[in-house]
Amino acid sequence: MKESKSSLGFDFIKGFIQENPTFALAIGMCPTLAVTTSVVNGFWMGIAVLFVLTFANVFVSLLRNFIPDEIRIPIFVILIATPVVIVELVMKAYLPAIYEVLGIFVPLIVVNCIIIARAEAFAYRNPVMNSLMDGLGIGAAFTVNLMIVGGIREFLGTGQIVFGSAAFPSVPFFEPAAVMLTPPGGFITLGILMALFNVTIGAKGKTND
Amino acid sequence: MSIIAIIIGGVLVNNFIFMQYLGICPFIGVSQNLETAMGMSGAVVFVMTIASAVTAAFEQFVLARFGLEYLRTIAYILVIAAFVQLVEIFMKKTLPGLYKALGIYLPLITTNCAVLGVTMLNVRQGYGILMSTINGFAGALGWSLAIIIFAGIRERWQLMDIPPALEGFPLALISTGLMSLAFLGFVGLFKGLF
Amino acid sequence: MITIKKVFGGVDVPGKKELSKDCPIEFAGIPGEVVLFLSQHTGAPSNPIVKPKDKVLRGQMIAEPQGTVSAALHAPTSGVIKAIEPRFHPVQARMADAIILQPDGEHVSDESVKPLASDLEDLTPEAIRTIARQMGLVGLGGAAFPTAVKLAPPENKPIDTYLLNGAECEPYLTADQRLMTEEAEKVIFGFRAFMKASGASRGIVCIEDNKPDSIEAMKRAIQPYSEIELAVLTSRYPRGGEKQLIQAVLGREVPPPPGLPLDVGVIVSNVGTAYAMAESILEGLPLIERIVTVTGEGVAKPSNFKALIGTPLSFLIDKAGGFNGTPRKVIMGGPMMGAALRDTNVPIVKGTSGILVFNVDQVVEEPILPCIRCGKCVDVCPMRIQPLWIAAYSERGLMEQAENARAMDCCECGACAFACPAKRPLVQWIKLAKAEITAMRRA
Amino acid sequence: MDDKLLITPAPHISSVKTVRGIMLDVVISLLPATLAGIIIFGIRSLQLVLASVIAAVAAEAIYQKVAKKPVTVNDMSAVVTGLLLALTLPPDAPIWIPIIGSAFAIIVAKQIFGGLGTNFVNPALAGRAFIVAAWPLHMTQDWLNPMTHDAITGATPLAVFNNTGTTSLGVKDLLLGLRAGSLGETCIIALLAGGIYLIARDVIDWRIPVGYLGTLALGTWIFGSPNGFFQGDWLSGILLGGAVLGSIFMATDYVTSPVTPTGRFYMGVGAGIITLLIRVWGGYPEGVTYAILFMNLVTPLIDKYVVPKYYGYMHDIQARKAAAGGGTK
């Protein structure tokens, strides 16, 4: 298990550009499409994934010397499922409305490719602090992605973006295209955003697998 | 809701890919050509149907009885992971042909959102064991229909000059969006008739 | 008389035969230099048996066949062998060895040029085959397959019907039409020789209905022979293709490659070949001359020549009154399957049935557009395969998929590329695929 | 003199058909229906048609400029897409609807795949499905009464027909197009005139419209009437709604329909079945858009499995039988 000596800062930042889970690595598609019907939903889903990812990264990293290689996947699954259950219970208790809207996609975080990928590729090979930063970085990047996609779809789909009580713009100045809230809108919006990412940021020699 | 309504619901009306966003990663990853798509479909139908039955039974006889619903997520993912492992071992011995055909896709399936997704949906809809199995089968059929259609479309892309920025995921997502536009037509099909 | 209206794919092409169908055959004369390629037939090139500076007479063999599938070469006129050197081959589009003959103008025949028999009764099938081999006879329809080999079907594949191909479905060309109209008796004599050599009990002469004069002439010529019938087919390209003719006249389909007409008990020969057979038997004249149509809007006086094999194109075009306006394209063969040439000082070969000269306004130079999947090529393809997919695979170098799409079945007739609204060179891509697939199979 | 000779591969002559010619034929065949739409629903239709066509052509030009690709606007395919999309709109739809619809159709449904010949759904119908999903109110309420151009009260004739199995409109009204409906779908005579022109010019294959309308008529006859099977008014069933417009001009789009004649017939039948499904048991009054879009998706599979029997096919079958026969003997 070669331990990479990357700096903490780099671990956090890389989640946004080179290893952006949604736009560069194109993993974790299901939640990215399903819950991004509004900025708020995107935000809370992002936070949930951030918490689960960081929790899992830290514990995997802590136990990485004790986990026998052959059965590491089931152990990863347990280490990921535990924080998910925590998130479920916390959300059901304090944010029932959001929990209802996110529906089955909160428990589905367990099979979210991002988390298993980070656990396998990074946490299992790096010290705790790096894993923590990596978890926070990737989680934060994922949250930002969800909010961007959620924002675009909510704005085009409902004409305004709502934060709790405040709504920008107060009165929609165009007739909203309801399709943006439906699956076709989601697929097309994300597809176009990924293409734009490839054309702009990603084009600097980074091959998109 | 009779069996036919679930089947039509699963395949056309609320198709797992086009209407419920479930199982997108393998859908885009494995649809390069028709043979792999059919192989994956076979594996998904097999696993989703049995997984729904097993988790529904597990729900009824273990979670509900001992009031452990809050452990559902962990329990289901472990049950599915174990079940897929079991299936691999079982198939290696008795059905080598089928195993070889499905071989590379079986481990992939455990991380497929559609499998865990359908088990969660079964619980939400309050289906019993039989209904869950049928719903799992219907969902898998819908998923397979989608990936086979998409594989047919993607096989033609090798004959085109697709702009590099759109290569791979972006174009696949936009195409899935266009396909789901067509499936919008089935919304409300056979409502209340069965 | 059988009339066949049913079409099996193919396209309606502008006939354009009126330019030269009424010009009687005239001898083209002796050119300044005669170039005879050693390989102007399917099979192994022939072996030269003369050396530079040898004096040869008309009809004297100058190269012998190498192995069974090969053909002999004879001097078309008397003169001196100038050299044996590589020259640009019009059909194979590369340099190939050729015997260069310097004619002396006397046109003196060799003493071997004398009637071998006056009636078929005293010729055994084996004798006919040896004459065909000795006289260097090859199919004049374009494939130039050695006739002797064609007339020797294996025992387990009996031949019941022999088709004489007078369809000449290529636009502009009228060589076969003039030959049938003027020399019907000799053509039928040669045809009967073929039937006797191959053991076929029934013969059918096939002519397209746009050649009424030939139909009349041939009907009279086959009058005395009950075993020969006449079939008149509606004009359609590629009616004259070997496989298409068998399908239309006999309703049989040749098995896919490497299947041959032999496998369905049929042999198809061109009327020109039958005429050459008759000339060989009745006058002892080897295949040293053939009918060539020089036509097209770019020629002053379109005409049908009996030209010596190896005559340069420029000589024939000048004989046909030279160019009419500035030429844009010179094609050896018909417009559908012929090869565009770089310049006109290339010689005609045994398989050349016509020379076509187009001016600027006959040549349509359209950009190649992407395929819009209109399916016109699928509708017209006589082999019932899908040219658009084969061409698309070949364009991208996916040769295995081209092979799975049955690229090897393609008869290269050009109907698909003719019908394609996007003007895509489908035949070119498919030919490329066929070459690659053959190379892959051999490697 | 010789160096100017052109060396191109055989064949050296080609048919008069060109892509631009075909697209021109399609535009010409759509003019009667467009004219009828303008006469029946007023000048509003002309504004929608112009907006749609101009938006489509502009979208194609802009996309190709941005993507640094040769601008192929003069192959008229964008004009056809714009025109077709306009004909499927309710006459009173606001002007920005065809503009956004055409832009979506040309850019997202066609150009990002690489231009003409690469899209897998009919661009006009994808545009219309997008608009219906985006602004359902406009697309289900902006109907006008024929000739009087005032907004209709109550359901469209097709919705009435779906529920009651009957229509108050006589065949003459249906043929002349004197009914509420999309801009170009109502006047059946104009559509048939365009259809016959296209078939005569060998641009479209009759198998798709015949398969489509035949299946729809049969299905309507069997399931069309609420009071029992085999009593449906099949003639009104195919003359109402967008079936005639869709089957003649949309389903026959070369790029998104099968390549073989048999395959095209199956596409027609399939589209007919789905239109029936949606009309009789579905959530929308009109299923033509979704039926054709679904068959567009399935076209590559049809093309993969519906392949003409190649020349010499029977020999392979007999050879295989003989080999199999030999094996079991």
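Order as written gives the chain letters A, B, C and D; numbering starts at 1 within each chain.
Going forward, a residue touches a chain if its C-beta (ideal position, glycine included) is under 8 Å from a C-beta of that chain, and two chains touch if they have at least 3 such contacts.
What you see is a predicted model, and the numbers here were worked out from it, not measured in a lab.
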**OP:** Go ahead and name the chain pair joined by the largest number of contacting C-beta pairs.
**Re:** C-D
**OP:** Average the CA atoms of each chain to get its centre, and name the chain whose centre is farthest from that of subunit B.
**Re:** C
Original post:
When the mean CA coordinate of each chain is compared with the mean CA coordinate of the whole protein, which chain is closest?
Top reply: D
Subject >> Gap in Å, rounded to a whole number, between the CA centres of subunit D and subunit C >> reply: 47
**OP:** Provide the C-alpha centroid distance between subunit A and subunit D, rounded to the nearest whole angstrom.
**Re:** 41
Original post:
Rounded to the nearest whole Å, what is the centre-to-centre distance of subunit A and subunit B, using the mean of the C-alpha atoms as each centre?
Top reply: 22
Subject >> Centroid distance [mean C-alpha coordinates] between subunit C and subunit A, Å >> reply: 71
Original post:
Which subunit B residues sit where two or more other chains touch them?
Top reply: 166, 171, 174-175, 178, 181, 184
**OP:** Among the residues of subunit A, pick out those that touch two or more other chains and give their numbers.
**Re:** 182, 184-185, 188, 192, 195
Original post:
Do you know which subunit D residues sit against two or more other chains?
Top reply: 108, 112, 114, 118, 130, 133
Original post:
Pairwise, which chains touch?
Top reply: A-B, A-D, B-C, B-D, C-D
Original post:
Okay, in this complex, where on subunit B does subunit D touch?
Top reply: 34, 148-149, 152-153, 155-157, 160-163, 166, 171, 174-175, 178-179, 181-191, 193
Original post:
Any idea which subunit B residues touch subunit A in the complex?
Top reply: 18-25, 28, 70-74, 76-78, 81, 110-113, 115-117, 120-121, 124, 164-178, 180-181, 184
Original post:
Contact residues on subunit D for subunit C in the complex?
Top reply: 1-15, 17-19, 21-22, 75, 114-118, 205, 254-255, 257-261, 264, 307-316, 319
**OP:** Could you please specify the touching residues of subunit D with respect to subunit B in the complex?
**Re:** 67, 108-109, 112-114, 118, 120-121, 126, 129-130, 132-133, 274, 277-278, 281-284, 287, 289-291, 293-294, 296-298, 300-301, 304
**OP:** Would you pull the subunit C residues touching subunit B in the complex into a rising list?
**Re:** 392-393, 395-396, 398
